[in-house]
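Below are the structure tokens for one structure; questions will follow.
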Amino acid sequence: MADKVDILAIGAHAGDAEISSGLALCHHVNLGKKVAMLHLTLGEKGHKEMTPERYGELKRTEAEYAAKVISAKVYFLPYKDGELPVNDEVKFAIAEVIRECRPSIILGHWTKSIHKDHINAALNVPDAIFYAGIAGFRMKNPAHYAGTMYYAENWEDREDFVPEVYLEVTKDDIKLWEEMTSKYALFRGEVVKFPYVDYYRSLARVRGPETGYEYATAFMLPSGGHRRRVQSFL
Amino acid sequence: MADKVDILAIGAHAGDAEISSGLALCHHVNLGKKVAMLHLTLGEKGHKEMTPERYGELKRTEAEYAAKVISAKVYFLPYKDGELPVNDEVKFAIAEVIRECRPSIILGHWTKSIHKDHINAALNVPDAIFYAGIAGFRMKNPAHYAGTMYYAENWEDREDFVPEVYLEVTKDDIKLWEEMTSKYALFRGEVVKFPYVDYYRSLARVRGPETGYEYATAFMLPSGGHRRRVQSFL
Amino acid sequence: MADKVDILAIGAHAGDAEISSGLALCHHVNLGKKVAMLHLTLGEKGHKEMTPERYGELKRTEAEYAAKVISAKVYFLPYKDGELPVNDEVKFAIAEVIRECRPSIILGHWTKSIHKDHINAALNVPDAIFYAGIAGFRMKNPAHYAGTMYYAENWEDREDFVPEVYLEVTKDDIKLWEEMTSKYALFRGEVVKFPYVDYYRSLARVRGPETGYEYATAFMLPSGGHRRRVQSFL
Amino acid sequence: MADKVDILAIGAHAGDAEISSGLALCHHVNLGKKVAMLHLTLGEKGHKEMTPERYGELKRTEAEYAAKVISAKVYFLPYKDGELPVNDEVKFAIAEVIRECRPSIILGHWTKSIHKDHINAALNVPDAIFYAGIAGFRMKNPAHYAGTMYYAENWEDREDFVPEVYLEVTKDDIKLWEEMTSKYALFRGEVVKFPYVDYYRSLARVRGPETGYEYATAFMLPSGGHRRRVQSFL
Amino acid sequence: MADKVDILAIGAHAGDAEISSGLALCHHVNLGKKVAMLHLTLGEKGHKEMTPERYGELKRTEAEYAAKVISAKVYFLPYKDGELPVNDEVKFAIAEVIRECRPSIILGHWTKSIHKDHINAALNVPDAIFYAGIAGFRMKNPAHYAGTMYYAENWEDREDFVPEVYLEVTKDDIKLWEEMTSKYALFRGEVVKFPYVDYYRSLARVRGPETGYEYATAFMLPSGGHRRRVQSFL
Amino acid sequence: MADKVDILAIGAHAGDAEISSGLALCHHVNLGKKVAMLHLTLGEKGHKEMTPERYGELKRTEAEYAAKVISAKVYFLPYKDGELPVNDEVKFAIAEVIRECRPSIILGHWTKSIHKDHINAALNVPDAIFYAGIAGFRMKNPAHYAGTMYYAENWEDREDFVPEVYLEVTKDDIKLWEEMTSKYALFRGEVVKFPYVDYYRSLARVRGPETGYEYATAFMLPSGGHRRRVQSFL
């Protein structure tokens, strides 16, 4: 069994976890926490010139380099870009990773997206958390219940996304995140023209002041996540 | 200036604060906190036989007896049952009470109701909190900002009400609340047939188990109230 | 073919139909109507000490005893707790039960829940009703169209649930329901600490006064269920 | 005091009640029921060539002729087109009309509209019904509670309007409605180019088949209007 | 490879595309454009007397005659009425048709419907457009991206449907559409009593004046479809 | 009568129009268009040390200097900070300004805000546009209909705000906007700690890439604003 981590970030394609949950990961790494990333596909169809096979290999290598920057364990599932299904095979595979690295917190895609793999990632994760947490489901690793899930803010998953939990990040966190994301040709601007790093850095400067911080990265809560129980209002 | 209180409950009619925010008030009184109640009208038109004048006098006396049970300061505004307006006169009058008793927490009506006074109470309170908190508005008492507001669960204000903050209450809190509410003929079942005490006691037994308590009383957050700022997820 | 029933209640796990649709079933049984229950799984994974195999056997026996209390026909599908799929196999199996017992009314889970089996139960039922009603689908029993469906109020299925149809229940109905639910160790408090019977009894005392009854059990209508056609407003 | 009517239709401008609630009025008149109309303004600013004064006079005459076609009592409030306020003066004036003609059913504008007078009409009516129904409010006529309100379908009030109650209308009802609406130059196409009569006649042919009728006119229920209480599902 | 078309209309059952997207198709044919239709099932179970086999044959013939009226290429998928699944097999089959006829615009069912095949049609189409557009998915025909999709207004798919894009149609368009729909016994009133042609003709007379036309047929935009990018407001 | 402008931006407090609609104003000024600003209050209560009187004078001067930077006509209404009412006096005063400068486009506050003056500004403007456009309302200037309104994105008005219309802005537009906003002590960071200029500059870098631009400023459409009428889809 692997070492226990504090946070597991799950992305549809290699790069998704780093770019949209990455500031939160770097922030916690700088606080001394342990993190892991799970890529459900390599996102290998996104290159105009390279074949999926070749770009997939490159993405895998990039993902490993990126993970190394934050000393993260990195997991891959063998699904193909654009073809991530919603079914028990995927859910149990994610559940096994959860049981393996035993996170307290899971970060992932919001359920509404312009990309079908993002939607399907979001639809698989809650059941995976359920399967991982119930001992009655026999798997390689013993049951582990990852109690808390947050949806990451992602420019492709904006429909009905409302920022609810603002996590402060510092300039040092941003620097570490820039180093991590620079391992991907995609984020260095060599694949498509979307300015990923600038976009999310600017977004951190927007979310910060909204809640009294200099920089922040924002997440949404799952339904029911607003509920609080208290024994006093004071 | 009056003594500072911890919680101020605001109701449209004498009785509203006691019946729907009452369990929360009693709970905090049993924790040693100080509370106050503000009745925007006497609710004097609700009796089939007594004239509004006479029932109004009775309601005022009942409100004073009820407040005494929990050592609460009680305030009345001079508006008429069914005719509570939404305007700056009402808002500044509420603001003056807020400045007078300086609560940390305000409890009040949810904005959707089958009773127009309840709706109007809900529409006045946010601006009153704003006026009370800004020194630029000159009033008898100095500015006081009551930071947190919760909407109480009330059988007449159910449309779109979603319980979000569950406050645990104990059997002792319920006993104190029954003593307080028993001061009203309305809640003793002598005016209308709605079984107020049974209803809210049963509701406390429903809300409790929903969140792992034996009994609880639930409140809704104002818009924006879901937002949280954190420096770590762990 | 079995005898025709008036109402069929469908639950994800043995016990779900009894606890959340049970008051409605008992009420109609006391009115002389015939009812049936269909359990899509045994809910056999919910016991901390017993194995799923053993607890499953117990739950099946309990379900049969509970059904006997109200002279209900009881049906089981062979799906596993936590693994109820959404597919045509399940839908046709439910459809066959509908064609077998020919209910006028179907009661079931609301579509939003914290439990995935409840969600999946809710997603299967409408298509099952459709399949049961169309003669073009060849099955063992002839076509039967169960025209009306109601969603039961259930503490695990609360998200966006709005009570719309309030069915009056009497103390005698509650007594019968307590006898029926007492057949389950789960509802006697021997399995988990949630106070099922107290919760739903208190809920009946809340729903009743909301609509002028002493006790009531509330249901939600399917989309389109609000539509009414009239030939006069008077 | 006037004779009691069965239905009172309230419109922002003379013509609104006739055109959007008119089929329902004609249908009930053909069933032998009594109806009344209340015009909150004359809608006198809608003519490109006539002055408001002159067009107002014409509209008043047209309203009286139209009412005569269905033997309806017609009421006017003295507000100006485009300037209908939301306040207690308007609400009590409407309440007095309600007490005067004592309808069982009230038909009126939906709350979302492209025309501010329509919105304000919709905002005044619920409080007017409340004032009319409570004896504690002293007015010329004794209290009368008009229990049921429906929102009429109107091409200017379409935002979020959902047809919920479909009232069957016959060809004879449509013929009577065409006679009534023909009293207005506006509906004869002499003022603006919107083809009022064709529009609502076509709409009746759309709403009818949606619910199994040849022709129907559809209304929306007020919030809370979906709630039903039953003593049996069968 | 077939000739490129301008518009492809996709319906769950033969007849759906003609009846609800048909006015738009006829309008564009009258403008000299090329159109195609894809029927996902034959809708062969809808006849009370004919067997599905026989009615299916008839529907296929009718669909071919209808298409001929507007010189449309017509495609059929081999799914059975009432059993259209949501899966990659369906999605790739639709994608192949899209690649084959290369439309600029796709018209189809809205996602909320009283008919499960309509819902499933709506759930398959967006992924089919995605698959058709990405060269990485190897299929018989080369990739084609059909950029714009509109949801057609359909009396069975009304839940939450909001008309957003109004396409003007003329009397000549309606005449052509009546000729096309007359090829179906269903639309001649020989199968069920719903007055299809009258309903949609009346609806065109309703939608037209709502936006200043004599006749119009209305469509809804996919989520995100409201977004506009401009370089000047003027 | 003043010169006709292309765009009028309306803000609750001096500074609101500049900071949230300012990039759009600067963009159009750089395109050679004419713009104006209307400040409903001076926002004079926002300074911790200066009296409202003194800060009000300063804000007025700053507003004039800011307007000069973009050669804008600037209008002030005499309402007090925190006390902007919703009534016909305000609405007609705004209407008179609209008639005076005759804009084609109006930019203003979204209706949901944490600041009551912003909400009230948003509630007054639609009726003001209506009054300005109808000749029947006699005012100093002749009627002018400002057809199009957009809601500006503002960090205090975020509840339910959805960016819908993205206006590209250039680095030159941003430079002009920085010069304009620098006229306010508030935006130079001398009054409160919110980093206004950095916030909105970062937001422009977020909104741009979301729609394929380098920088953009986003607006929301009024209800009904999504509707489009077309004569061809192609």
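Chains here go by letter, A, B, C, D, E and F, matching the order in which they are written, and residues are numbered from 1 within each.
One rule holds for everything that comes next: contacts are C-beta pairs under 8 Å (C-beta built on N, C-alpha and C of every residue); 3 or more make two chains touch, one makes a residue touch a chain.
No experiment lies behind these values; they were computed from the predicted model shown.
Under the touch definition stated at the top, subunit B and subunit D share these contacting partners: C, F.
Hopping across touching chains, the smallest step count from subunit A to subunit F is 1. Centroid distances built from C-alpha atoms place F farthest away from subunit C.
The chain pair E-F and the chain pair B-C differ in C-beta contact count, and the higher one is E-F. Centre-to-centre, using mean CA coordinates, subunit D is 38 Å away from subunit F.
Counting partner chains per residue, subunit D shows two or more touched chains at no residue at all. A list of each chain pair in contact follows: A-B, A-C, A-E, A-F, B-C, B-D, B-F, C-D, C-E, D-E, D-F, E-F. Those residues of subunit D that touch subunit E in the complex are listed here as 155, 158, 194-195, 198-199, 202-203, 205-206, 209-210.
On the side of subunit A, the complex with subunit C involves touching residues 88, 126-127, 130-131, 134, 136-137, 223-224.
On the side of subunit A, the complex with subunit E involves touching residues 45, 52, 81-83, 85, 112, 114, 116, 159.
The touching residues of subunit A, counted against subunit B in their complex, run 6-7, 24, 27-28, 31, 33, 104-105, 148, 150, 163-168, 211-213, 216, 221, 226-234.
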